[in-house]
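Attaching a single structure in structure tokens format; questions to follow.
Every chain is named by a letter (A, B, C and D) in the order it is written, and numbering of its residues begins at 1.
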Amino acid sequence: MSTYGTLFRVSTYGESHCASVGAIIDGCPPGLELGVQDVQTQLSRRRPGQSNLTTPRNEKDLVHLQSGIEHGVTLGTPIGLLVKNEDHRPHDYSETDLYPRPSHADYTYLQKYGIKASSGGGRSSARETIGRVAAGAIAEKYLKQTFGIEIVAFVSGVGKIHMPFASPSTADLDNDEIDDAISPDFLKLLHTITREQVDSHPTRCPHVETAERMTQYLIPVQRIIRAKDAQDSIGGTVTCVIRGVPAGLGEPVFDKFEAKLGHAMLSIPATKAFEIGSGFRGTEVPGSKHNDPFVTREDGSLGTKTNFSGGVQGGITNGEDIYFRLAFKSPATISQSQETAQYDGTPGSLAARGRHDPCVVPRAVPIVEAMAAIVVMDQLLIQNARKAASSLLPPASTLPPTMVLPAGAQ
Amino acid sequence: MSTYGTLFRVSTYGESHCASVGAIIDGCPPGLELGVQDVQTQLSRRRPGQSNLTTPRNEKDLVHLQSGIEHGVTLGTPIGLLVKNEDHRPHDYSETDLYPRPSHADYTYLQKYGIKASSGGGRSSARETIGRVAAGAIAEKYLKQTFGIEIVAFVSGVGKIHMPFASPSTADLDNDEIDDAISPDFLKLLHTITREQVDSHPTRCPHVETAERMTQYLIPVQRIIRAKDAQDSIGGTVTCVIRGVPAGLGEPVFDKFEAKLGHAMLSIPATKAFEIGSGFRGTEVPGSKHNDPFVTREDGSLGTKTNFSGGVQGGITNGEDIYFRLAFKSPATISQSQETAQYDGTPGSLAARGRHDPCVVPRAVPIVEAMAAIVVMDQLLIQNARKAASSLLPPASTLPPTMVLPAGAQ
Amino acid sequence: MSTYGTLFRVSTYGESHCASVGAIIDGCPPGLELGVQDVQTQLSRRRPGQSNLTTPRNEKDLVHLQSGIEHGVTLGTPIGLLVKNEDHRPHDYSETDLYPRPSHADYTYLQKYGIKASSGGGRSSARETIGRVAAGAIAEKYLKQTFGIEIVAFVSGVGKIHMPFASPSTADLDNDEIDDAISPDFLKLLHTITREQVDSHPTRCPHVETAERMTQYLIPVQRIIRAKDAQDSIGGTVTCVIRGVPAGLGEPVFDKFEAKLGHAMLSIPATKAFEIGSGFRGTEVPGSKHNDPFVTREDGSLGTKTNFSGGVQGGITNGEDIYFRLAFKSPATISQSQETAQYDGTPGSLAARGRHDPCVVPRAVPIVEAMAAIVVMDQLLIQNARKAASSLLPPASTLPPTMVLPAGAQ
Amino acid sequence: MSTYGTLFRVSTYGESHCASVGAIIDGCPPGLELGVQDVQTQLSRRRPGQSNLTTPRNEKDLVHLQSGIEHGVTLGTPIGLLVKNEDHRPHDYSETDLYPRPSHADYTYLQKYGIKASSGGGRSSARETIGRVAAGAIAEKYLKQTFGIEIVAFVSGVGKIHMPFASPSTADLDNDEIDDAISPDFLKLLHTITREQVDSHPTRCPHVETAERMTQYLIPVQRIIRAKDAQDSIGGTVTCVIRGVPAGLGEPVFDKFEAKLGHAMLSIPATKAFEIGSGFRGTEVPGSKHNDPFVTREDGSLGTKTNFSGGVQGGITNGEDIYFRLAFKSPATISQSQETAQYDGTPGSLAARGRHDPCVVPRAVPIVEAMAAIVVMDQLLIQNARKAASSLLPPASTLPPTMVLPAGAQ
């Protein structure tokens, strides 16, 4: 349904052409300084029309905070917010309405609800994500201020063009040489990348140092533009890193950190795949090479030398960078004509009207960041509860040393 | 936490070395004929020691049904069940206890709970999945009997060896030719494959017709054995198809079908990635080729010609085969020595004792099927509720034709 | 938190002096005709200023529907709605702010959140109930249209004045005579009472036929007015009947119908007690007299001769009228001076400023109805899911006759 | 359904005549010393056959802990436990099976599930409460050890015999004198009463000092026995106090403390009413007398002079004693013959076989305590999460003094 989260809970409403889209964010810690700008910044990164690569509609998407905040500080009560829809013109019936749009939600919404919004995507529209982004911005404000948690997503692939070190390894059966699933250079990039770097190019695929990488960095742009000219569309991948998350988050066995994260990410429109850490590629690397050995960090605490686990082991965060990759399919709405069938089965040809995003991944970046922030926030609150409860208990002196942190452990 | 589901709800308990592992399955439809054998069959497919490919421990894993069933019929009340742990020998302290095992859950459990089970994996042990498999078997019994729903999972990859048509396409930047993300032959295999076919080979990678495929089919076996000899481990992928699911399942926006499915799958131990339909590979195929056009099925209803969507569009099932792929990392426990650090930071060398699974994917097959059944069951009940409620309303005659199924539609 | 319900889910936001109060109603069956007026009618019954008995503020409380509805029909997607707050003047600091108001939420909100809204009751204000009433009106529209379910609440007590047959029996220890906990006349009134009857008097205590009852009917009015003159306040009780609920609702063991109903009712501001059926008084009546024997209804189905159970047995509705009584404490805000202490412990005298409700029960009537509708709706959807699932199973022929409805049963 | 709680989560299973009844307790803080005896003590207080006042079946009810504990310390993972049913003889069909037992759950279970357990009460049996009591004992162990929280329930009424100060005030319309809803003496008793005092008499109605009270204290016993002789049954009330709960628990607006508590209590079999603090009687007392003024406690913190609120204001605990009263209806199973109808509508006469509890309230005492502990535990964890999160934020210096605790406040 349209509510996500246990202690940090986000509920959203709104179709593409109704009066407004909005959200209620419940469970925000009280005492957080929060202003419109904290939310608006990410909403503006999300809206279309930011470059000639995405859809040219210029939606302003100004957020109106309704409740839960006074004198710029959160009260701990639900934060209501909304963004008005500027476009709610009545939909004119046309012949295209006889067709369920291929790979769109027209057919499935009708099968599920028996009714669908008359115009645009209704609830399956990208405008639905406004509530997510606003909620995520609030979570993020807290996470950054208290734990210094940083969340940065970027475009890691468009069509066949993938960032180096994120591309799938060649499945060469005769070759026993084992590749790293994730290169040290890529891990380093994850550890330092900023949103400014990401936004410095319209593709939101980050700058890289070497020349070859720079070349590859530009290719996706051309591909996006090419798809646009051809009235076609192309998919892509978004990679996201979450830095500074304390160890201990995630609730086995069903609510492991990666399970909650995967759930949240796969609820974003147009997503088809999720991988954390070394993901699919990691399955090709034997345990002896894939395991992340422990080392001592500068501050004396334990860390891991490599990070194929992506910051999560046994469903629980280990304090290392959490990173994951998300697949966005090629947008279903394309301008060129498609051979398909009408609702009544009559075969025919359908061509979409209007302007459409040929590639959604650049705009998906803040949405991914938002959902990541929401998941971390909710899991952090839950683990807070356990730690606070546990800390009041006296040490259980009867325990054998194998069951507690050995002396000297961090 | 250890409860999954809204209306069909599974709660599990149990570590590797406690008295028993078990589950409570709540919300099972009343009136379902259910016997021990319905549950035992899948439990037996899950247990180790079935071939020399997996761990040689011979756990019997006999299920004891406790409640919720009388005269072989479900009462609609919670079904309690348990499987006794045969091995609960006290753990002997050894020097290996000074080390958190790399890529295991030792370190994160201690960080999260401040305490961990003395022996084995505790709650992160594979024995935790017994409750899942039992619950899934119950869901599956219902789904098969009422909707004819069939769920079949199989091993689609071990290390670098992938089944044809499931392997990643070559990321050839100079080549503009577009591959199918998923071949028609693979879709055909998904549409017909049976558990008998899957189990006919110890790898649980299904038989295929052509010679080349047969050869490739055998390679994973060799790879598994090789890993075993080398005291190493290797990961793999499991692909699963769910056939016969009615259109309309899944609850946007946060509980889309693929989001719930991904959540469930990524909660299985050792999983690192999930993709539905064309998944990551589908992002490389332009919309004009990736969209699934509608066609008329034999029974007059609408279906899709291709199925890159994997049976889900807009987060809602469309009646086509649902298929997805899941990555299992290389098992963290290996016999060879690893350079790592002790809890207190002291560098050292750790070698695991005992016998371990070099590759878990064959045993993972029934676990994947179980979680799939649980998700479908829960979503089916929720959609049942809506449909039953909606069916009592008179048709809303004021609606424009664009909002309801056009006359003649299916 | 501020979300209620499993399948019919209501989330609310808003304090007394923020921009607006509102709600998201998720899970409304699609295809329901719904207009502003359906919601406004109950909102208007809730607002203050309707008579000289309640607070004289004239809040218009016009609802603005935001989403989930098109052409006057629900889409099945979340319905967003809001009511603007007209009064959000800045609060002027005064000496009264040094005091936590006795029996108010000032102290507990500060203890819980460390911060509270500057003006009025914040989230503990009665304006919070606007979202509940709006959501309840939507549920009610569905329940009435499909099942003919009718929900009518009324004032059954103000101070020491109780409606006949609802008053507590005298605990006369020497008297072994046993009173009915609930008289047949009262049950008859419950079975027929309408909102029009309830609203025909400003107290919302329904008209009754006999003269004596008429006299008693007027007494509460005088009491309310007297309390107002004395700058004091008085509590009261609201009784509610839900007619036409099908048998089978409620989810044992933790979500029994009365448990969910009690939860919902005790979440209404100022409530302190809940009883269903014969309630506290029923504990004084021996089983032989308190049991509800079965009889055949006119339509051939089974019903009960008496209804001490209040329409619920074993936590599940039995098809009879559901009725319950709810206690509202005397409003904490009174104009006369109170001896109490400041936050810092300094003793002192506090007198509230402004105008206040001397008795909230008349205004509570639509709030009680709303929460009742929400509970029935949610439970109905859940039971719908089970029934739909179960109906697809073949009859379990192996069952002994004691386990299923005997032949000829209804 | 059969799961209760958000962070401290209890799931139960089991009918009266199946293999066992049991529970999974998830979310128990790790590091708590916990042994069988901690659970067994309360289970033994719950079982029948403890005196000639209750049912003479001598069930041993030995608990078997299955998981989540090692070396007598909780691991933080789910605690599985079970108690075997000794009586699972097959049910012999008899003529009584033609009748739904009046005010029992036979009829409603059949309406809900279409099937019911063949013997006894099935899931509506009192044996269902074993899981609750076990779970509550675990919660209680934690609450006592960390916060010194004490929970004591006792029988406050049997039939028309009520403890002094807990009896309903006389609704004398001509008398304007105002009674205390709750007397200071009763509040004092609540503040000091122990389980030892409660258990010192078989009725579990606590000893009192004065002669008159002693006399009344004995009357319920006679009434219970009289009911037994007469093959009849009688209801009663249980009052419970929770001492030492910190201020700040409860989650407005839908999950207020009393709403959660009421939910939990009304899920106990045979309950029909719940009141907190002054409850129904408090509605008769004007605000000027009913408000609880603030005073300074010995430790310098704020407390309230009276406690009509029952320790909860605005849905949040205020640190005072929490007390509530619960109504248990007269048991439906009585030995004397009842005129009723068969399932098929045939009128007839039904007499129950076997031995039955004439009055359940003495045995209900530990069940009420258990559910109270579960609610407090869950709410404590949730508030822990908020406090821990909020404590990391810097003080919001921009806030006006009306929004935070004034200087010198506690």
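As a working rule, a residue touches a chain if its C-beta (ideal position, glycine included) is under 8 Å from a C-beta of that chain, and two chains touch if they have at least 3 such contacts.
Remember, it's a predicted structure, so these values are computed and weren't measured experimentally.
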**Message:** Using the contact definition given at the top, which chains are in touch with both chain A and chain D?
**Reply:** B, C
**Message:** Shared numbers divided by all numbers used: is that above or below half for chain C and chain D, i.e. same or different?
**Reply:** same
**Higher-contact pair (C-beta pairs counted), A-C versus B-C** = A-C
**Prompt:** For chain C, which other chain has the most distant CA centre?
**Reply:** B
**Prompt:** Cα centroid separation between chain A and chain C, in whole Å?
**Reply:** 41
**Prompt:** How many angstrom between the C-alpha centroids of chain D and chain C?
**Reply:** 23
**Prompt:** Could you state the distance in Å from the CA-based centre of chain B to that of chain C?
**Reply:** 45
**Asked** Which chain C residues sit where two or more other chains touch them?
**Response** 1-3, 7, 12, 27, 30-31, 70-71, 73, 76-77, 112-118, 123, 252, 386, 390, 396, 399-400, 403
**Fill in**
Listed in rising order, chain A residues that touch chain D in their complex are 6-7, 27, 29-33, 70-73, 76-77, 142, 145-147, 252, 380-382, 384-390, 392-393, 395-396, 398-400, 403
**Item:** Touch list for chain B against partner chain D, complex
**Value:** 1-3, 7, 9, 11-15, 18-22, 24, 26-27, 30-31, 64-71, 73-80, 82, 112-118, 122-123
